[in-house]
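A single structure is presented below for examination.
Just so it is clear, A, B, C and D label the chains in written order, and each chain counts residues from 1 on its own.
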Amino acid sequence: MQFDLDEDRALLKSSTRELLEKESALADARTVIEESAEGYDKALYAQLGELGYGSLLLTEDEGGMGVLAFAAVLEEMGRVAFPGPFLDLALAVRLLSQSEAPEAAEWAERAAAGEALVVLARLDATSGSPTRFTGGRVQGTKRFVPFGAHADALLVETGEGLVLVPRPGAGWNAVAQPTIDHAQRFAEVRFDDAGSLVAASDAARTLLEDADRLGAIGASALLLGLMDRSLELTVAYTMEREAFGAPIASFQALQHRCADGLLQTESTRSAVYRAAWAADETPDDAGFLAAVAKAWAGPAARYVCGQAIQLHGGVGFTWEYDPHVYLKRVKTLEQFYGATRDQLENALQSRGL
Amino acid sequence: MQFDLDEDRALLKSSTRELLEKESALADARTVIEESAEGYDKALYAQLGELGYGSLLLTEDEGGMGVLAFAAVLEEMGRVAFPGPFLDLALAVRLLSQSEAPEAAEWAERAAAGEALVVLARLDATSGSPTRFTGGRVQGTKRFVPFGAHADALLVETGEGLVLVPRPGAGWNAVAQPTIDHAQRFAEVRFDDAGSLVAASDAARTLLEDADRLGAIGASALLLGLMDRSLELTVAYTMEREAFGAPIASFQALQHRCADGLLQTESTRSAVYRAAWAADETPDDAGFLAAVAKAWAGPAARYVCGQAIQLHGGVGFTWEYDPHVYLKRVKTLEQFYGATRDQLENALQSRGL
Amino acid sequence: MDLHFTPEQEQFRRELRAWLDANLERSWTEETRDPNHDADSLVELRRVWQRKLNAARYIGMGWSEEWGGRGASEVEEAILQEELTRADAPQVPNFLGISLLGPALIHHGTEEQRRRFIPKMLNCEEIWCQGFSEPSSGSDLASLRTRAEPDGDDFRITGQKVWTTFGPWADWIFVLARTDMDDRYGGISFFLVPIDQDGVEMRPIRQITGESEFGEVFFDGALAKREHLVGELGEGWRIAMTVLGYERGAATLAKPAEYDVQLDGLVAGLRASGKLDRPDVREQLGRLVIENEVMRSNGLRTLAQLASGHAPGPESSIEKIFWSEYAQRLSDSALDLLGPEAQLATRAQKTGSDVDWAYQYLWSRAGTIYSGSSEIQRNIIAKRVLRMPTA
Amino acid sequence: MDLHFTPEQEQFRRELRAWLDANLERSWTEETRDPNHDADSLVELRRVWQRKLNAARYIGMGWSEEWGGRGASEVEEAILQEELTRADAPQVPNFLGISLLGPALIHHGTEEQRRRFIPKMLNCEEIWCQGFSEPSSGSDLASLRTRAEPDGDDFRITGQKVWTTFGPWADWIFVLARTDMDDRYGGISFFLVPIDQDGVEMRPIRQITGESEFGEVFFDGALAKREHLVGELGEGWRIAMTVLGYERGAATLAKPAEYDVQLDGLVAGLRASGKLDRPDVREQLGRLVIENEVMRSNGLRTLAQLASGHAPGPESSIEKIFWSEYAQRLSDSALDLLGPEAQLATRAQKTGSDVDWAYQYLWSRAGTIYSGSSEIQRNIIAKRVLRMPTA
């Protein structure tokens, strides 16, 4: 038994940290989050594509490194609140690469290379009919499409299967859906566009189940990185900040909350890495373990990143300090990629309950 | 506006405390709890009857003092973990006194005087048919009848209404149902006995709704007393107990938990007294406020009395020290008289939700 | 025990409701969603609103008639705040002036100070902000380091204050400054300082909600005139602590009323999404409903204590902890229960529940920090109520 | 990363399961519900069970062959404990002797001590209990005051110990006693003391479950022979702390296995009462299920760290906090979810869920107190892992 990453993945993780700290320290990430229209640094995504990050989530046979490596990279991205659709893009690449449709391979390649942004469009609008694919056209409305307004193609879930829709000439008929999390760019997209089927219903279901599972693990890994760094920042702040003549880190009530933060964070680490490893090695229980990881990671991260604001006191409530960036990311990640409540249900069902 | 009790009720409360401290200090209560067959001190109940406590819950017109006075007394009883069916008996007296059946008045009087034990039998057995009243006989099985094995008469809820069943000559066909709480004596009672209807279905429903509401307030008042005293004991213990060269009361993490205990306890006080006052004065919102009080008091008491064991450390886990007596009482009271989950639902429904 | 309001109090409430019906044209929520507003126009709107309230003698109601009040009791003040909250009225810009500085001047100021400042405070000709906290003295307020040094008859103030609500729009600031570096409490004095002068720089602080309602103030030899010293030299700490105590009671009914509005919104959203019948949702909703009602019970109790002449003690810490932590649970649960739509950005789009949940979620983070953090409140309860010893 | 067990470890597990199938006649739960048993007969049954295990070389497995072990790794030890838990086997009476005293003798004892004590410890001819805690030194163990005074070559022990598990049935006790009153850590020595002598009085302590598995011991000049001093004079603290560290890993898989059994019982009870489909119940059940799985993930990680030669540090405090607080949440939720039947008294009646919930609820209160309370564990994490300073 061994919990540490093997040499290749450990190297990937440390070189990712180096790259991100150089190219996208939190300050830079915040500039992108707060100022860019797309919500991500296109040049940096192209660079990641060149370095092979785009196909990371593929199996080793397919030229990737698998789920564990992917989780390790996402943890690092979480630590710097790395902006953009990295997780969504990786899911699309994996999904496209598993399709046998002729267009799929080409789009997979371009997406992996960072040349094209492809993401999934899943959630139907709350009113109106479900999205359909008939006569070669996709019709319907999808909400909360991640980075949808800037996508080069969308993988749309329809009653007939999964349909690839390249951006129409006139651009998407999209409305931005800004949320609590400035790092996240959702759009509601109204479709009446030509597309091509990349997987029919049954095959689509299998692919989407895989995407759900990997999305849950990926989001959990991001949450791990977010809370890990948030706890570090918090402990460091309490060491510096003085009140009543002593660093506030010396107050037992605060110590115990930081200790709980470590319990939450390290337990998330155990759960996320185990789920990621299982997705590569023991697929039978990977669905259960992915649900466990996500159902745990969301509330854990909310606790740690919420406490970060509280223990920073007044400055924790300012825009200038970083804790809020983490809290906002956490709230969105907790709600999407399988909300906590849904993952609890998934966990029970995958145990036959 | 005034929150303090008026003079009469304040006097009742202080004289009750005096009486209970003299006649039933916790040590005596524990002897009764641990050693007596009936689970209460019959002589003391007769004395309470003589002093008028048995009819306390009746309205002032009926010779009682109403719900607020009743709650004040139960708070004091909670503080010393006063054993026996005081709450159940009072509910039966109130219910009998509202019936127009000829037997009811006499039983009400005897029960109020402490001469006869009458309690309600509500919960049907989990298997078998619901309890029925046909041809002058009650047939069916009731579980968790409080102090049922020693009752002189039972007020049995049946499909046909509320039926008074005096103890048959051969005694009850009863099996003891000992629970986690040694102070509580439940019995499962199998009926095939003659009885007389004291309220037919609709009237019975009204009476039982009233009993449910007052049971919830009464149980909440007991919970208030239990947690109030438990917190006192705990704070006192932390002042005495030393570790690392200082009283453990000086450790901030413990201070904050005691502070939370006070928050829970004092909030329970506000909720219970408001609900009791409303039951006397503003019946329209008394149902809602009773549900609020009980839904809050149960978890609050569980927190405070659970922390009492934790903060007592090793001795908190012994039979000799008192915290466990409180925790056990709390667990039973939380589950009965409207379990927390059910009271939350009641609260919503009484708000039209 | 009697939790009824008196007939006079009920009458007061009726008149107030009628007045609000007639005078409040749009709710604050609607105003904040109006894309034509910016931060400045919203403050201007609040200023106009305060003037309206003042003209109807709803501002400084507890003060004597001499100073524009009606000698109203804490109960009436609580009813006022409750009804303003229910009606979703704008908050008045001078609420810190009214609740803190007004009483300070009335009890500790000179006749000239009262005449000079109170009328303009009431009708919002001058907006006041509070200069107590400093970057390195938050919870431990008495460690403040801003100093006031004599300059002839007057004083020169140097230092930095922070978390000055409404600072970016304020004309004056009331400042605690050190006139003796060695005396922790007795070395603090209470000054009134005009902001529009050299030596005072006010910078807005952007909050996690994106707004900038707070400011930080830099004093570099700012002039505070001798006639603008409140009380004697070295009395500042005592005055501040007394005055902070006057806040008692006012929010006891307003907070549960505020959360009732949010709960109604949550119910509407759950109904719209068809989730109101799910037992898991009902359990969570039920808990939120009963907790708010327990909060109201605490509030009524505090108010009843005040009404019968008992000063509420450090138990008011219980109320502060309760409402501030409840607000977090409420918005957090709403985001969970209502699904992704509830996350839509602050004040940008409506959800079925007509509450700006994302904004509430962020804003609720402040309540457990300001006016004595939850940690400080728990220290107070442990030490002053439970008498547990200091380490 | 690799969380697979090795083929040898899998083989070990298969053999163990087969052995348990063949040798464990009745589960511990069944035994405790048998009205023919009393406390003494249950201990006797455990003694017999330990002898069986020992004969099969499952006791002291990690020790060298010389001392009856097989030089097994922590992983095998964890598998053993996991399978014993799954099979609901009785706990062996000498578990404290095996896990603490055995390693102490092997690493710090004399050859004579090992020969004299280890074989009888393994086959349960002598039951050992632990004399560390005292009435006034619980969390702060080093403040212990029991003293050992020289008497010729030997020592006389005076003082009081408490929380001695299995004390009422023990033959020997290993005791930390003070040989120097002034040296907080260096003044503590480690003695082996026979209980059947004048000067030792053992009194059972009744627990909140009603059982008396613990005892308190009064020493009044009890004899401890020089040859029964372990290590040198003044080495007691160091030995105790080292040896407490050897407990690592053994429970990592056993705890989640124990709670899996309880969860299965909870599910059975919910199914029987028709509540398993209620969304509120499912949410609470789901949380319990995933928390236990996270606990198992932590355990596998610890084990994998041990297997690859890393010593787990104070992070083991995380596991202690996790399982002990989880056990309380689990039984508490079960009592809530299953309704009144779950409250039926400990070990008296079966419920649909076949777990003695009331007993578990009470027993779970001990886990957050013994072996370093949750408070102490959080102090350890804050100070030794996060390096936060002492006040």
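Keep this in mind: a contact is a pair of C-beta atoms (placed from the backbone, for glycine too) under 8 Å apart; a residue touches a chain by one contact, two chains touch by 3 or more.
Quick caveat: nothing in here was measured; it's all calculated off a predicted structure.
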Item to complete: For the pairs B-C and B-D, output the one whose chains share more C-beta pairs in contact.
Response: B-C
Worksheet item: So which chain is the furthest away from chain C, centre to centre on CA atoms?
Response: D
Worksheet entry | Between chain D and chain B, distance of the C-alpha-averaged centres to the nearest whole Å | 39
Worksheet item: What whole-Å value do you get for the distance between chain C and chain D if each is reduced to the mean of its CA atoms?
Response: 54
Practice prompt. Would you pick out the residues of chain B that each touch at least 2 other chains?
Written response: 251-256, 341
Fill in: Two or more partner chains touched - positions in chain C
280, 282-283, 375, 378, 391
Worksheet, complete the sentence: In the complex, the residues of chain B that touch chain A are 251-253, 255-256
Fill in: Touch list for chain D against partner chain B, complex
133, 136-140, 143, 162-163, 205-208, 210, 273, 280, 328, 332, 335-336, 339-341, 343-346, 348-349, 358, 361-362, 365-366, 368-370, 373-375, 378
Practice prompt. In the complex, go through chain D and note every residue touching chain A.
Written response: 1-6, 75, 267, 276, 282-283, 285-287, 289-291, 293-295, 297-298, 300-301, 303-305, 307-308, 315, 317-318, 321-322, 375, 377-379, 381-383, 385-386, 388-391
Item to complete: Spell out the part of chain D that touches chain C in their complex, as residue ranges.
Response: 278-283, 391
Discussion item. Going by the contact rule set out above, which residues of chain A touch chain D in the complex?
Written reply: 1-6, 9, 68, 235, 238-239, 246-247, 249-252, 254-256, 258-260, 262-263, 266-267, 269-271, 273-274, 277-278, 281, 288-289, 291-292, 295-296, 341, 343-345, 347-348, 351, 353
